[in-house]
Amino acid sequence: MNLKKVLPLKHILLSILSSALLLSVLGLLMQVKTNLYKNVGDIFLNLNMQTATANAVTSVVTFFRGIDTVGEVTVLFLATSGIALMLSDTQRTCEKVVKQESFILNVGSRLLLSVIVLFGVYIIIHGHLSPGGGFQGGVVIATAFLLLFLANPNMSLSHSILTLGESLSGVAYVLVALIGLFKMNILLGNFLPHPIGEIGELVSGGIIPVIYILVGIKVGSEMSVIVEYFSKEDYYKEVCDA
Amino acid sequence: MLVFLGYILGFLGVALFFISGLGLLRMPDTLTRMQAATKASTLGSLLVILAIACFEPDWTFKLIVLAVFILITNPISSSLLAMTTYKRFYKHIYNTSGADALKGEDK
Amino acid sequence: MIGLLILFTFLAIITVALGAILSKDITQSVMLFMGVGLGSVVLFFIFQAPDVALTEAVIGTGLSTAVFLLGIMHTSQEEMES
Amino acid sequence: MLNFLILLIALSLFLVLIRFLRGPTLADRVVAFDSMSIITTSLLVVLSFYFHKSLYLDVAFVFGLIGFVGTVVFAKFLDKEL
């Protein structure tokens, strides 16, 4: 009985390799549990004195993980362009018909639009003091526009202004990151004066409010474009069929 | 004294929540369930928010703004939902009074 | 007492998520998924992570539901035509 | 005493949750979700008093402002499906 026929060489090598990999991963996990597990949070919390925000979570998100935000913004941009590519090929030459809409929703959305947008702006500019930040505030603003589109579907946003704001804020974000790199030798370094902040002081934290405002503009405009494409296509199709 | 008033208001609001939950569970129809649920829970949430304002007088401004938000947003969604449910199920409603304000509405 | 609330929220989230998986109708599953988002907001809030709770509240109950439902509207129309 | 208040709110949430899980039609579930979001808003307010942090009220603000958008979207969906 030949061992080679029952168990080919390839399988033996593969099993040895995979078990070695598994063992090494297990060893790494054990090491993490003994050495690193208690210290990462403490390191970040001690470094929080340098970044000087009142909110430790914010400093982790914008400084130590600040480079992730660039990736998130890229993902969002790709999603928006994909949706625009898929949904924007309906003919918009058909004549517009004003649909009968609910009176209460119409009035209520007009009343609430300014309030919701104001609340989104509050979330964005208080991002370094309170829970929240650019992404959440941008989504809140987009929700206000969703409400507007639900109330009257034959409304349209100006795409040129949205695209301009989105691209300008993206460019400005990269510029802020690069200025930090040249002045402080760190990407996204905090080059503005930042005394140690306290809760309640709006102007504090150096470049963090700037970053959050830029991210808020970008996310808000992109999400509004997504919402508009999703709620528009149905309307145009119905009108064209009728 | 203010804390005592706060507890009274809070338990009143929670009792209204309980009533709304009970009505939502026991009523036979969608429209009657809506009738039981939305009004009682709106008043209950207002009372609970007032109770917290009694506990902590510093938060009063924020809590009043929150109460105004609830008062604006909640009737919009409830009325839209009631309208849609009526259009869907109005044949099955047992109508004794003969009054039907939404009869002429399209669709 | 807060522990009891945590336990209740956990059980509620698991039950609602099972309902969302097992439901036959896709719109009812979207509805139950909204319930999962609401429960997780309460859970994040009890564990004192208001950032995550805020994100979940904005996205889970507002925007994602709208995107799901509008997508269902578009695709069901196309299925009927073909 | 405050613990008792929180527990009673959780009890009424449980009653609504039964209707949310059982509700035969989609409209029942939407009604239950609407009621649940209001009760959750006040639960979050009470919990932020329990933790003694006024910053946590922002999550309740989001629920008060955004929570009804899901219901509005579902109402429009039911209207269109008719």
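Order of writing sets the labels: A, B, C and D. Residues in every chain begin at 1.
The definition used in the following text is that a contact is a pair of C-beta atoms (placed from the backbone, for glycine too) under 8 Å apart; a residue touches a chain by one contact, two chains touch by 3 or more.
A quick note: this is a predicted structure, and the numbers were derived from the prediction, not measured.
Asks: Using the touch rule from the top, point out the two chains with the most contacting C-beta pairs.
Replies: Greatest number of C-beta pairs in contact occurs for B-D.
Asks: Quick one: report the Å distance separating chain B from chain C, using the average Cα coordinate of each chain.
Replies: Using C-alpha averages as centres, the distance is 22 Å.
Asks: Report, in whole Å, the distance between the mean C-alpha point of chain A and the mean C-alpha point of chain B.
Replies: 35
Asks: Quick check: how many Å separate the C-alpha centres of chain C and chain D?
Replies: 12
Asks: Indicate the residues of chain A shared as contacts by at least two other chains.
Replies: In chain A, residues 105, 112, 115, 123, 131-132, 140, 143, 146 touch at least two other chains, as defined above.
Asks: Among the residues of chain B, pick out those that touch two or more other chains and give their numbers.
Replies: Residue numbers touching two or more other chains: 69, 73, 76, 80, 83.
Asks: Where does chain D touch two or more other chains at once, residue-wise?
Replies: Correct list: 13-14, 30, 55-56, 58-59, 61-62, 65-67, 69, 72-74, 76.
Asks: Touching pairs of chains, which are they?
Replies: A-B, A-C, A-D, B-D, C-D
Asks: In their shared complex, at which residues does chain B touch chain A?
Replies: Residue list for chain B touching chain A: 69, 72-73, 75-76, 79-80, 83, 106.
Asks: In their complex, what parts of chain A are in touch with chain B?
Replies: Per the stated touch rule, the residues are 100, 102, 104-105, 108, 111-112, 115.
Asks: Which residues of chain C touch chain D once you look at their complex with the stated criterion?
Replies: Of all residues in chain C, those touching chain D are 1-2, 4-5, 8, 12, 15-16, 19, 25, 27-28, 31-32, 34-35, 38, 41-42, 45-46, 48, 50, 53-54, 57-58, 61-62, 65-66, 69-70, 72-73.
Asks: Mind pulling up the chain A residues that touch chain C in the complex?
Replies: Chain A residues touching chain C: 57, 123, 131-133, 135-136, 139-140, 142-143, 146, 223, 226-227, 230-231, 233-234, 237.
Asks: Tell me, which parts of chain A touch chain D in their complex?
Replies: 105, 112, 115-116, 119, 123, 129-132, 140, 143, 146-147, 150, 199
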